[in-house]
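Pasting a structure here, questions to come.
Per-chain numbering from 1; labels A, B, C and D assigned in written order.
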């Protein structure tokens, strides 16, 4: 069953293939120039910091809906093990096993494909079992340091939390930008607050997973028009789910990752940051959210840190 | 065989137990205040960025000298897997298995113990197989954003690379700080370049591992006096190895981690950064090197990013 | 809170410490002599075989009740990868991550301890993070080949499945042996059918886990008197749970593993075998259920195979 | 570069596609009938047992020649962890991470492909990242219980160990069968001793890996003619390596697995068994070597046990 015409038309409009050359593997991350970084740094006023990462533990958000995507498993290989002299140096050491997309993470551009293609027209077959993503893997993005902007859509709409399944609109984004008193500019990373993670913190892992409010086919053009470097949400599924059209599953993943070449983040912890922004009225900040350099990774855990 | 008196005297002089309260689990990371962060941000001039992380792959620096500390293993759980409709959305997903200290990493304060104690006097038994480091784990440090200072000891001594086994002295650090024209201040992270990683890049993994030039019992007081937040090196073993005294193995690990409560980093890639600093004469910068929030982690992979 | 006197009296009566020497690490497995093996082989009449293992997959019986004991995770490292010539040899390769006790498994004697001791009085500290079980690990048992006897307690009691929480009695075992027309002899492995696994196959993983019918403080002496080499059940928890006494959790694990030194098995698939035994009236057979030689393993996956 | 004609002619002669039906996924394992099992059991005389498995530990035979195929990694998730009452039950638990083909193992028929096909003509694409081998995986073989025959080729040729790179001939196999005074019959598993594992035990892991003596294009027909259920060797690479023809890498893997549909085993420890067989002159025995039921596994660790 082919994807609908509406999808393909949208794809054509937001597609960035070739924009940064035929060999480009990082898409909109190219928009983070030295100038953008200086602009980001200029936002810092107080030095206050926020980590936006979920703890990495077996009690993570995964509930088995994605086979193989296990919560992080932390195991020990040494506990106060003596080295030569039992009265001297002792060491503890550990191993972690985790799905790269288990908790707070970036999707690599190679994470999604359709029609046999990933971003920039590279063949989907460029992802192999032996080497992972040989094109557009997370290792191709050495660092993510830029201005972050919190678009608190829930607050802009006057609610604590958007309803599950709510499809965000371009107007919602404009309203949130207005609330933030920020012009979203090329190279920014947008942090999109829906309030969905409240369900996770309340212990409702299933409700956190589905239904999901989030970006939709109605917001794809907006992100492309603003030339955003990346978008991250405070949810499991990232985009609205169940989808807007029955004949088009997870279209935002495809349009963002494959066509626009825009990296996307999930499970970002935004509640404390949002409270602070509401408090001081400052919704822009320095954001550092660099990938782990997993060679061939289709995703990467990330500890995004905001400096206000 | 007890640790020698020289060690214990030094331990007493550099010990920070209780300095930030009896419950403190992050030691010198407390020195990174909002003021320090603003000072760090003020260093940024060009927006140029450097990632200091080794790639995470099976071809990492581990050669089996630490049992169980495997190089990262990247495996696939989905490759362009269709979701519902084969003509629509397809996804690739992966899993990573890694020793937390396999590549570029921070040691948690809980990583080392002696005399039954870790930092701040917590019992070594606070590290368990079930929960890992329940005290002083990496998850207790939410973020590392501060000023970084490159002390290029090799360059200050007029060599490309220090000899394996060379024990750094306080004078070496002073000379490198003078070369850098930087006063090392409380809350700074010192990046200590020995040039040792040239061996790794040349394919000599064994030579990279041992013998190792690095911090020694002669530099421990210096770092404590300057109230540094953390120190990272461009080497496998971090400190000088073989050790200065036969009766005292890995004393710097113990003194830094257990007594001073100072986080330490290993396998930091410093060659390109050092070349740039030599070029523009600027050895201070904004450093972001936040841990992965591994609950109970005795170490954490890190992608340290410098912004100049 | 000390274990109750009833427990300690029972422990004294069934304890085998020293019986096979002070260095013995395999306990009742010593009872499987060449003679016993020949007796086992003599049971074979038809050559019909049964595997008693659950499939190893992410859809296993684990539901998170034991932290870290994940279901098996199967991942790929090569899929039809060419070697030199794309028109020639291609290979597929994989990696498995699993808790040793995730599915059908043997507990090593080192799996349980109390009072600071494991079987034969070895210190509990003989289990380390660096080496696992240095005493009484699964690697000390090179093979398990002996006579197996199915004691179908459910059938002997005239039910399809024992109620959850039912504590088996010595009379129940006698009745099942009578039904089987078998004298349980030294060196036999007893397969104890409760019918509990029907719940797993019906999709009720929680009900399968708890409450659990099984061996109890009332059957410990029976197994010791019959000098059984090992006992395995068709359940998650092995012994009756919740326990018979509130002040004594999992006493059968302790008495079997620590005192008697008797290996125990869990998650054995007994339904098809039981149907066959009911059909032909033959409840004894050759059983092969050798451990994986995991050095230091406190447990091991096993594919137990019956030959009738 | 196409495979040579010699290969294709041989492939046609030994191919078993369709022999056990179009849906068959286990090939020559079909030859192990109840009759064969009874014949195997009838070989048992003394009850003496041998395990043929290498220990599973980080010190295994892998040296990095196959990317991702790591030696077994054993880690702890609980060490004498109390359950409710610190004076009562305590438990130790562990996790193993291993390449399925790291140590003593069976290759599944799905392990190798050429021309886009695996055994019985199933498409190579039937191996996926999501599900592993959906056709001809190790989970399709519930058990391996049959007669084992040791063909001690080294001894038959009057040497302790065959030279690395020696290509076995059909005459070699006949000579070894004559030495064994055994007629190799349909459904037998042949254990092929080359002596190569002496190098591993001597610590020469590289020499153990390559060059390798073993089955060759000259022995493929012999195994097919004798309708052997499986063949296992005491080596890393299984077949002769470097290969006999430069234009045909690993042809025996392809002919055995893909064409004949014959499971093959590697890293079988044969030295103690061979010494015993030389001593008593009995080279046939009961062999139990059942796979772990890894769903989708392209290989499986195995602890093969011989009963004489």
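By definition in this document, a residue touches a chain if its C-beta (ideal position, glycine included) is under 8 Å from a C-beta of that chain, and two chains touch if they have at least 3 such contacts.
The shown structure was predicted, so the numbers you read here are calculated from the model rather than taken from an experiment.
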item: Pair joined by more contacting C-beta pairs (A-D or B-D); value: B-D
item: Same or different residue numbers at the chain A/chain B copy interface, by half rule; value: same
item: Mean-CA-position distance for chain D and chain B (Å); value: 45
item: Gap in Å, rounded to a whole number, between the CA centres of chain B and chain A; value: 27
item: Where chain A touches two or more other chains at once, by residue number; value: 67-68, 70, 73-79, 92, 94-95, 97, 128-130
item: Partner chain C, residues of chain D touching it in the complex; value: 1-3, 33-38, 41, 44, 46-51, 53-57, 66-70, 72, 74-80, 83-85, 87-101, 110-115, 124-125, 127-129, 132-133, 139, 142-143, 145, 247-251, 253-254, 286, 288, 290-299, 301, 303, 305, 307
item: Contact footprint of chain C on chain A as seen in their complex; value: 58, 64, 67-68, 70, 73-79, 81, 92, 97, 128-130
